[in-house]
Amino acid sequence: MEYFLKLFLSGTAKGSIYALIALGYTMVYGIIQLINFAHGEIYMIGGFTALILGGFFFSNGMPVWLVLLFSVLLSIIYASAFGYTIEKIAYRPLRGKPRLSALISAIGVSIVLQNFVLLAQTEKFMPFPSYLPEFSWLQPYKEYINSTQLIILGVTAIIMVFLTLLIKFTRIGKAMRATAQDMHMAQLVGVDVNQVISVTFIIGSSLAAIGGVLICSYMGQINYYIGFVAGIKAFVAAVLGGIGSIPGAVLGSFILGWTESLGTGYISSDYEDAFAFVILIVILLIKPDGILGRTQRQKV
Amino acid sequence: MKRTYMLLAVFALAGLMVFSGAQNAFAAPTIKIGVAGAHTGDLASYGLPSVNAAKLVVKNINDKGGINGQKVELVIEDDQCKPELATNAAAKLVSAKVVAVIGHICSGATKAALGIYKDSKIVTISPSATNPPLTQSGEYPNFFRTIAPDDAQAKLAATFLAKTLKLKKIAVLHDKGDYGKGFAELVKQYAEEYGVQVPLFEGINPGAPDYSAVVNKISNAKVDGVVWGGYHPEASKLVQQMKDKGMNIPFISDDGVKDNTFIEVAGKYAEGVYATGPTDTSTNALAIKAIEEHKKTFGTEPGAFFLNAYAATQALLNAIEKAGSTDYNKIVAALKSNYVDTPLGHISFDQKGDIIGFGFSVYQVKNGVFVELK
Amino acid sequence: MKSRSLLADIGKSFLIAIWFMVLLFPLMVMKVNVSKGVAQVQFRWNMLPLVGIAAFVLSLLWRFALEWNEKRGNDNRTGGPLAKLKALTSQYLGIAVVRKGALFILLAFAVAYPFLFGMYHTNVMITAFIYIILALGLNIVVGLGGLLNLGYAAFFGVGAYTYGLLWKYVGHSFIAAGIDPGWLFWISLPLAGIIATLFGILLSLPVLRLRGDYLAIITLAFGEIFRMVMQNSGDITGGATGISLIPRPWLFNIKLTPQKAATYIYFIAIVLVLITIFVVRRIEDSKVGRALEAMREDEIACQAMGINLVRNKLITFALGAFWAGIAGVVMAAQTTYINPDSFTLWESIIILMAVVIGGTGSIPGAIGGAILLKLLPEYFRALAQYRMLIYGIAMILVIIFKPDGLIPRKRKQYTFKEKELAK
């Protein structure tokens, strides 16, 4: 039983890692039906920005908590700026064109960003110092969960609450919901669709940046390639839960995390990814729109 | 018809590109040596130092007037450690009429390229491809290497953990790749021969952010030690996540981890980690000289497999000189029958192409540095 | 009027330049290096003005390019020098003699190619041909059927492993019996096609109810599962170690040097490509092809017309998979070494890119896309590290300025010419 609990907590930690990235994916998809392949790279850039600026502040003697605060804030700002810029350059010109074209553009952006960071920085794995606090009261439970995992879990929960409140109760949230339902109608009733889309990208990228800082702190390392791997898993999680749905992304991420963790623990780590994909196939067979997905109505 | 026009244009474009990329014929005949490996991509840090090594050795030789009256010229090709790119690189080198190749770097890429080199009768010396069948299967009589094969490494690791550390139960993990899994399987085999139990043998996903599930599994299996077959990024995450969960058992790994980058990335978590690696050459006078040369010419410390590549190039050029020609059979015979003084020591090659006079040692991270254990 | 908007443009570009200078500051100007646990940051100030100037110039060009793109409209209108050139060439190619002549020259060039350019270039062309077959196959699924397949590389792998596994298990008995193992190539070709088709049908079963991106993700999952199974079943399939020394195709028991073998495979590949083009065109023009196109355009209308969706989807995947299987066998023969790393998600993406950039649903488009995507990186080798970056930028540029692909499919149109009204 203890073993199961440990695995369950591992799965929860894994799930919250996926959720941080999956949320951004699902938000963008919900609004413009684009699988933003470059999302993983924004996550990576968020991490790198924190590494660079954090390293700079730290080596200039700033106290640790201030370094953390600044590096998180700045990486959010930079990632949002990147997201916004990318949307304007690579996606906006393709609005209204076949969806596959936007997908290809996203792949192109992903390649460009990866190689840009590779060339501008380094191909090596860089150690990522964690400025996150250690909770000493958690020490006796370290076999079950550690401070960083708890922080990631907590942040994911806060973000989910924040997003739900945003979507439900604010004006921009309403505009986002309208645009997601029907972009043309939203325009007709006066919603500035361009602004909504930009805001969505900004929020999504911010989430990715937070994910980048936290997850890289957890892994202790960063590399120009981490975006790709993380992106695919997060995308699977988002689809599992129903792409376009925010609680769906979180639910999907946790289900993915638990499946992988329990599968590894009880069967074998060799097939860790396979468990994830099998569960995906099973769920989509039963519920073709994902667990919490909205059934897309087909107009004739 | 528009479509045919397009097809024509495309073919013409391709043809034009080919013309512009065609090689120019060199006036003076030189001895061409190919250097192939990962020069771009995520494994570039394993391949670039070999290029530097070859460059240094060739410069020294050319400054002395070359070999048999001819200058030596390097032809450098990138394969990103991918088999399909390796075959392209090999084809390119064969077209460039190289006499021999220093490379490739990764065992998989080397395997792919060797097919082409074998049929074209081109001597190939790798500074880093450690997959045992490359020499031991006998399939590639043109292949040599200046690094001991994986089974030597694995045997050493198994003996160390069984006899020196006296571990009774171990978990063996790998990254599912050719190199890592190969090492892991061999260690498991040798360890079991020593009576060590291996209740856990699994592959993990390289690149995943979280291995806590596997770590849980390890602690649940109540083993005395963990063996890792693979590279340093995963080793670093594993070691960190193990220590975070309070597991302080010995962690033994292969030469993919015996790299200063591992210590950089893992930081304090690297302390105490064991890794097998090529025997320490830091007291070898030629090694010291070669490293100085590198620092003077390129401004940085040399990276992985630098000395192995240096030795390989030296052995190759020496063999060509002793053979007095660039004939394939003569070079092969010369390599096997001559000893050369290199940064790795006094070396030669055995009948199968493996290196004589240089092997593996076990290292441990002490105070942030890899220290050779005698 | 003109001078004012020009000033506004310059002003805007200036602001954009500043935006980029700030945006790219940490990544381009600052360089982090961690040494002995301490992060050191280096400042490369010379990068800053570079970024600024580049951003300024590029943003001006970009704005003009976008305006030009919009004015251009969707179809290639007449007028403008490029269009005139196209019209001129079309006119000439309209003449049967010219067309036949051009085709003949093309064919002659293709046949002479390996003898003109040596082994390396021949190999590159073989790879291009393999990808042409792959692109044409995927084109059936994505272009004709409108079903997004992100796991196409799995079928490719099935083909390659058919040949590889045949060699692994049966090859030695062949040699012992005195038969040249190269025969296995010819046996594998049709066999791989059949097995890949079976896998294609297998894949289509779970996706029958799905649409759009859900379909895509399942195909992705399928592709990854295939690769993982190959990787983990080391004892049966060789796992990560792969299968090596795969024999070259049989040619009357002649022992071939790598040079000659490459040429031989080159010609086999050309023949296969021609067969593929022929068959795919026939499919396009057939009843099946039209049913697939209907399915792509509007599934509900399609069903209303009485077309069996389930059967169609099955056919689509099966047909697409068949060509990938064939391509796989050629690839295994060419590289003589296969392992699961050659059939990753990334491979599937590249093939998809070839189809979309070339022109979804158009055969010359798929061919052009495959050639572009496979030849460009090889010829850009000289640019080494910048290669992939340029590649990505090229991708984005092509898709923005030609979102229907470089050679978009021609929709069958009927134009009515109004007869002159009698005065």
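Letters A, B and C name the chains as they come in the text, with residue numbers starting at 1 for each one.
Heads up, the rule we're going with is that contacts are C-beta pairs under 8 Å (C-beta built on N, C-alpha and C of every residue); 3 or more make two chains touch, one makes a residue touch a chain.
Keep in mind the model is a prediction, meaning the values are calculated, not measured.
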Most extensive contact between chains (C-beta pair count): A-C
Geometric centre: closest chain by C-alpha means: C
Centroid distance [mean C-alpha coordinates] between chain B and chain A, Å: 36
Computed distance of Cα centres, chain C from chain A, in Å: 29
Euclidean distance of C-alpha centroids - chain B vs chain C, Å: 33
Residues of chain B whose C-beta touches two or more other chains: 176, 203, 264, 267
Touching two or more other chains - residue numbers and ranges from chain A: 126-127, 129, 270, 273
Touching two or more other chains - residues of chain C: 34, 37, 232, 385
Interfacial residue positions of chain C with respect to chain A in the complex: 19, 23-24, 26-28, 30-34, 37-41, 62, 66, 69, 142, 148, 206, 209-214, 216-218, 220-222, 224-225, 228-229, 232, 299-301, 345, 349, 352-353, 356-357, 360, 385-386, 388-389, 391-396, 399-400, 403-404
Chain C partner contacts - residues on chain B that touch it in the complex: 1-8, 10-11, 14-15, 17-18, 21-22, 39-40, 78, 82-84, 87-88, 91-92, 94-95, 108, 111-112, 115-116, 119-120, 131, 139, 176-178, 181-182, 203, 264, 267, 368
Residue ranges of chain B touching chain A (in the complex, touch as defined): 41-42, 44-45, 173, 176, 202-205, 207-210, 212-214, 216-217, 219-220, 232-233, 236-237, 240, 244-246, 261, 264-267, 269
Chain B contact footprint on chain C (complex, rising order): 34-37, 86, 89-90, 93-94, 99, 102-103, 106, 109-110, 117-121, 123-124, 127, 231-232, 234, 239-242, 244-245, 257-259, 262, 334-339, 341-342, 363-364, 367-368, 371-372, 375, 378-379, 381-382, 384-385, 387, 407
Touch list for chain A against partner chain B, complex: 3, 6-7, 10-11, 13-14, 17, 123-127, 129, 142-143, 146, 149, 215, 218-221, 223, 225-226, 229-230, 260-262, 264-265, 268-270, 272-273
